[in-house]
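Everything on this sheet refers to the single structure shown next.
A, B, C and D are the chain letters, set down in written order, and residue numbers restart from 1 in every chain.
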Amino acid sequence: MARNLLRAGHELTVHNRSVEKANALAKDGARVAKSPAEAAHEVEAVFTMLADDPAVEEVVFGDQGIGSGLRKGAAHISSSTVSTDLSQRLTEEHAKRKQLYIAAPVFGRPEAAEAKKLIVVPAGGKQAVERYRPLFDAIGRATFVCGNEPWQANLVKLCGNFMIASMLETFSESFAAIQKAGLERKLFLDIMNELFASPVYKNYGAVIAEEKYEPAGFALKLGLKDVKLAIDAAQGVGAALPFASIIRDHLVSAIAHGQEQMDWSSIALVASRAAALDGPKAKASSRSE
Amino acid sequence: MARNLLRAGHELTVHNRSVEKANALAKDGARVAKSPAEAAHEVEAVFTMLADDPAVEEVVFGDQGIGSGLRKGAAHISSSTVSTDLSQRLTEEHAKRKQLYIAAPVFGRPEAAEAKKLIVVPAGGKQAVERYRPLFDAIGRATFVCGNEPWQANLVKLCGNFMIASMLETFSESFAAIQKAGLERKLFLDIMNELFASPVYKNYGAVIAEEKYEPAGFALKLGLKDVKLAIDAAQGVGAALPFASIIRDHLVSAIAHGQEQMDWSSIALVASRAAALDGPKAKASSRSE
Amino acid sequence: MARNLLRAGHELTVHNRSVEKANALAKDGARVAKSPAEAAHEVEAVFTMLADDPAVEEVVFGDQGIGSGLRKGAAHISSSTVSTDLSQRLTEEHAKRKQLYIAAPVFGRPEAAEAKKLIVVPAGGKQAVERYRPLFDAIGRATFVCGNEPWQANLVKLCGNFMIASMLETFSESFAAIQKAGLERKLFLDIMNELFASPVYKNYGAVIAEEKYEPAGFALKLGLKDVKLAIDAAQGVGAALPFASIIRDHLVSAIAHGQEQMDWSSIALVASRAAALDGPKAKASSRSE
Amino acid sequence: MARNLLRAGHELTVHNRSVEKANALAKDGARVAKSPAEAAHEVEAVFTMLADDPAVEEVVFGDQGIGSGLRKGAAHISSSTVSTDLSQRLTEEHAKRKQLYIAAPVFGRPEAAEAKKLIVVPAGGKQAVERYRPLFDAIGRATFVCGNEPWQANLVKLCGNFMIASMLETFSESFAAIQKAGLERKLFLDIMNELFASPVYKNYGAVIAEEKYEPAGFALKLGLKDVKLAIDAAQGVGAALPFASIIRDHLVSAIAHGQEQMDWSSIALVASRAAALDGPKAKASSRSE
C-alpha cells in the first residue's frame, strides 16, 4: 500500500515498530518517522494498518500517538479490520480533536496489495471521503463508498470476511462427506471450480484439498478474531449470523487442537475429525440407517 | 438434454406424461413412446430426469416401467437428483435384471441445459461409464466421473447443491446485517461480486438484492428436498453437515411462511424476519451492548 | 407392560419373535400366539411395542400381520416410537378395515415399565381412547390424552425425547468447558442437581460424569433414530428444531467414532473431542483472546 | 443477602446508589456508607452484587472505589455474574494491593435470596474461602467450592445460566412444534413436568405456556449478556458451546423484535415467529414431504 502511494506520486512518511520495514520503504522515497505522532505531523492524512483493536488504540491514543500528532482538519484513515465499537469511538475522539476519521478497510491478500489490486471500502463524512479518493484509487483496483458512518465500512469488511469463512466451512463439510464416500477431494474441487468459477474458491479449495495449511496466508487465530468481531458487530445492529456462530465454534475447536498459527482454511480439519477421517477409513456406505 | 442428444446424431425415443412435451421433441426427430417401458425397449440406454425419489421409483418399478422394458446389457442412466439410498436400490435391482445402471446427475439451470453447458457427474461401473461417455459429452460442457458406485455421483450432486444453498444463506445473513446498518444490498452485492468474481454469486446475489423471488428458477420446496437428501446422504457415510442443518431449519421456516413456490433464494426472507427488517426500520447503531 | 396388564386382571395373549420371552409371560397367565395375526384374533385390543417403523410395518401389514387378524371395531394400540408419517398411514389403513387405531407411546425406562410407573400419552378417536383408558392406567402412573389424531401423540413422544437429548447435549458442552477449566465434572453435576432437582438430570448427569456408557440404557443409534424422527415430524407441521439439528449432527459424529451401541449420553464424547480433552490437558486459562 | 448476613449476627455496612435501598437495610441494623470505599473501610470482607462488568469496574477501580478503601488482608467477595476476564483482572489487582479476592456467584431468584435458599459457588485461595465460609452459609442453602482460581466460579455460574437458557430454548422449540400440530402448550408442559419433575422446568415452563413475559423475572437483555459471557469464557478455555451460540442468535433476534425488557423466557417468541405461529394457524399435518 505504501509503495503504491509513492508510485502515485504522493509524499509519504512511514512508521513501523520494525525499523527494517520502514527503512525498506525509505529506499523507495518515503521519509521515516520515529513515532506515530511524528508520522502524523503536518500531513493531510495518516493511514493505519494494524493487527487488532488494542494495536489501533495504542497507536492512536498512546504516548506519541496519532491522536496527539495529527493537525486539525487532517484525516486518520484506518484500514485495519477492527470492531465497529472501536470505529465509533475513533469517530467521536477524532471529532473532539477536530480531526477527520475515515474507516477504509481493504479486501485482498498481500500479493493483491502489492499489485494495486485491493478492493477498498471507505466510509465517513461524504466530503472527507471524496477528498481522499485519489489515495484509495492509488492502492486498489476498485473503491466502494460504504456510507457516512465509518463503522459501516468496518461492518462491510467483517461481513466480507464472514462470506469467505462460510465458503471455507462449506467446502470443509462437503470434503469430509466426499472422502467418507471414498472419493477424492481433488475431484470435488474440480467440479466446484467448474460450477462456481471463482478465483476465491479455486485458491482456498486447493489449499484445503492439498492440506497445505502452513505457512499460513491468514492465520486461523486472526480468522477467529474477525468472525467474533462480525458476530458482535451484527449483534450491535440487531442481526444474528447463525453461520458465523458455527464457524466460530469450529475455529475454537481448531485452536484447542493447536491450529492457531495454521491458515484459517485448516478449519477443514474440524469437519475431518468430527467424521473420524483421522482414524481408520470408514467403510463407504450410503445407507442412511 | 433430449435435443442435444438428437443434435449429436443419436436416435432418440422420448416419453413424457405430458404428451405435448413429447410431441415438441417429435418435430426435432424423436420417436414418441407411450410408456417408460416402451421408451426403454430395444435401446442401448434410457435416461430418466424426474422430480424426486417416488417419481423415479414409479417410472422404474411401476407397471410399464423401465425395469421391465429394458433389455439385458442396456443401461438406465438416471440424471435425477435422488437419495443415495434409492440409487443403491436401483443398482441392486438393475443388476438382478442384468441391466446396467449409471447415476449421471447434472449441474446447470434450464438455460444451461439448452445451451449444452451442463456439468455432468456420472458414476457407475467403469466400462459402462466409458461406453456411454459420448452421451454425457453430447449434453454438457464437462464430464467428471465420480467413482464406480452410482450413489457416489448422487452424493456429489447433493453436496454441490448444498454448496450453492450455503452461499445463499451466507448472503442472506450478511444482507440482513448490512440493511440493519442502513446500507443498501446492491452496494454489498457489488463488493462481493468484485471479491468472488463468480457467476453463481452474481446471479443469485442479484435475485436476493432485488427480491425477485417469483417466478422461481428453482422452487424453495425442491431446495428443501435436496438439502434434506444431502443431510441424509452424509449421515449415511458418517459425516455431518452443520451448515446444511441450519439451511434446512431456515427452509422449513420459509415454508411455514408460505414461500414453498418461491425461488429458494427467498431463504433470505428468513434472516430478514429474524432481524425484524419487515417491521419498522431499526435504528442503525453498531453498539454491541 | 404385559405383566401389569395381567396384574390388572385383563386376559392377555402375547407374541414375540423370541419364544422364550413369550413363554416367560405364559407362566404369569398369558396365552402365547404363534403370529401377530393370531395374537390379534378375537381380542378387543392389541398392543404393539417395536423398535422402529419397518418393524411396525412388518407386524401390521406383513403375512400373518395384525392388519389381517384384528376384527372390526377392535383396536390396534401402538406404543412404539415411530414416525408421524407411519402413524398417519396406520390411521388410514386401520380405518379402511373398520379397525380402531390409537397411538399410545410411553415415557420411562425398563425399570419404570416394570414398576407400573410409565407416563402414557395416547391419542386417537375420543371414544376409542376413553374405552381403553383402563389399559393405559394399568401400565402407567399417569395418562395424558394428546388429541384426536394418533400422530399427535407420536409428536409429543418425539418432542419429549428431544427434550431429554437437549439436556444431555447441554450437560456435555458444559462438562467440556468445566474440565478445560481444570474443574471436576462431579462438582458441576452436584451443583446442577441442587439447581434443577430433577431425577432425569441426576441419572443422566451421573452417567456422563462417570463415563459409564456401557451397557447402554438407551443405545445411541436409537437416539439418533428418534432425533431424526423428531426433526422430520416437526418439519411435517412446519416447525424447525434447531437444537435437534445440532444433536443429530453430534450423534452422527458419535457413530462415526464407533459409539452406536453405547448409551446415547455418550454424546458427551463429541464435545470432549471437539475441545481436545482426549489429548494433553489444555492449560487452564480463561483469557478469551 | 444483606438481611441474611444481619440475621446471622454479622456486623454490616451497606452502600447503594439508591439511598432508599440502603436506608431500608438501616432499619434492620446495617450501617449506611456514602461510597464503596467507605463501605470497604475497616471491614473483614466486602460483598459486591452488581449488574455487569463495567459496574464492577467502576465500584472497584473508580474514585471512592473498594480497591482504595479495603485494607490489606481483607477480602472482596464478588457475587456478580461477570466475565472470567474481569475476574482474572480483579485477582491480579487485589493481589497487588495485598487484598484477598473471592468470586462467589449465586444461583437463585430474588425470592430464593430472601429465603436464604441461594446456591453459593465460591472460588479463590483455599484459606480465604474457608475463612469466609460462614458468610456463604449465612446467605444460601448450599455452598460448593469451585477451585482455587476465582474465575473458575464465574465459569460455573455462566455454565449454569447457560443450562437454564438451554432448557428455555428446548421448551420453546417443542412448544412451537406442538402448537403447529394443534395441541395445547399446557398439555405438553404437564407431561414434561411429570417427566422431569424439576421446579425449574415447572416455573419457566409455566411462564412460557402462559406467555407471562412481563414483568420480567430476569430481563432478556441480561440473559443475552450472560450467554455471551458464557461463550467468551468457554472460548477462553478452549471449548465451544454450540447450544449457547444458537441461544445467543435467538436472543439477538428477540431484541430486534423489542423484547429486551421482557423475561428471557420470551425467547419462545423466536421459535413461534419462525414457525409462523403469529400468522394464520397452519393446517395441522404431520406429512413430512
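A few points about this structure:
Methods note: a contact is a pair of C-beta atoms (placed from the backbone, for glycine too) under 8 Å apart; a residue touches a chain by one contact, two chains touch by 3 or more.
Owing to the predicted nature of the structure, the values given are computational and were not obtained by experimental measurement.
The set of chains in contact with subunit B as well as subunit D comprises A, C. When the partners of subunit A are compared with those of subunit B, the chains appearing in both lists are C, D. When chain centres are defined as mean Cα coordinates, A lies farthest from subunit C.
Subunit C and subunit D, compared by their mean Cα positions, are separated by 34 Å.
Separation between the centroids of subunit A and subunit C, computed from CA atoms only, is 49 Å. For subunit D, the set of residues that touch two or more other chains comprises 180, 234-235, 238-242, 246, 249, 253, 256, 274-276, 282. Chain contact summary for the complex, subunit A toward subunit C: residues 180, 225, 253, 256-258, 270, 273-276, 279, 282, 289.
Interface residues of subunit B facing subunit C in the complex, by the touch rule stated above, are 228, 234-235, 238-242, 245-246, 248-250, 252-253, 255-256.
Within the complex, the subunit B residues that touch subunit A are 83-85, 87-88, 107, 119, 121, 142, 144, 146-147, 149, 151-152, 154-156, 159-160, 162-164, 166-167, 169-171, 173-174, 176-178, 180-183, 187-188, 190-192, 194-201, 232-244, 246, 271, 274-276, 282, 284-289.
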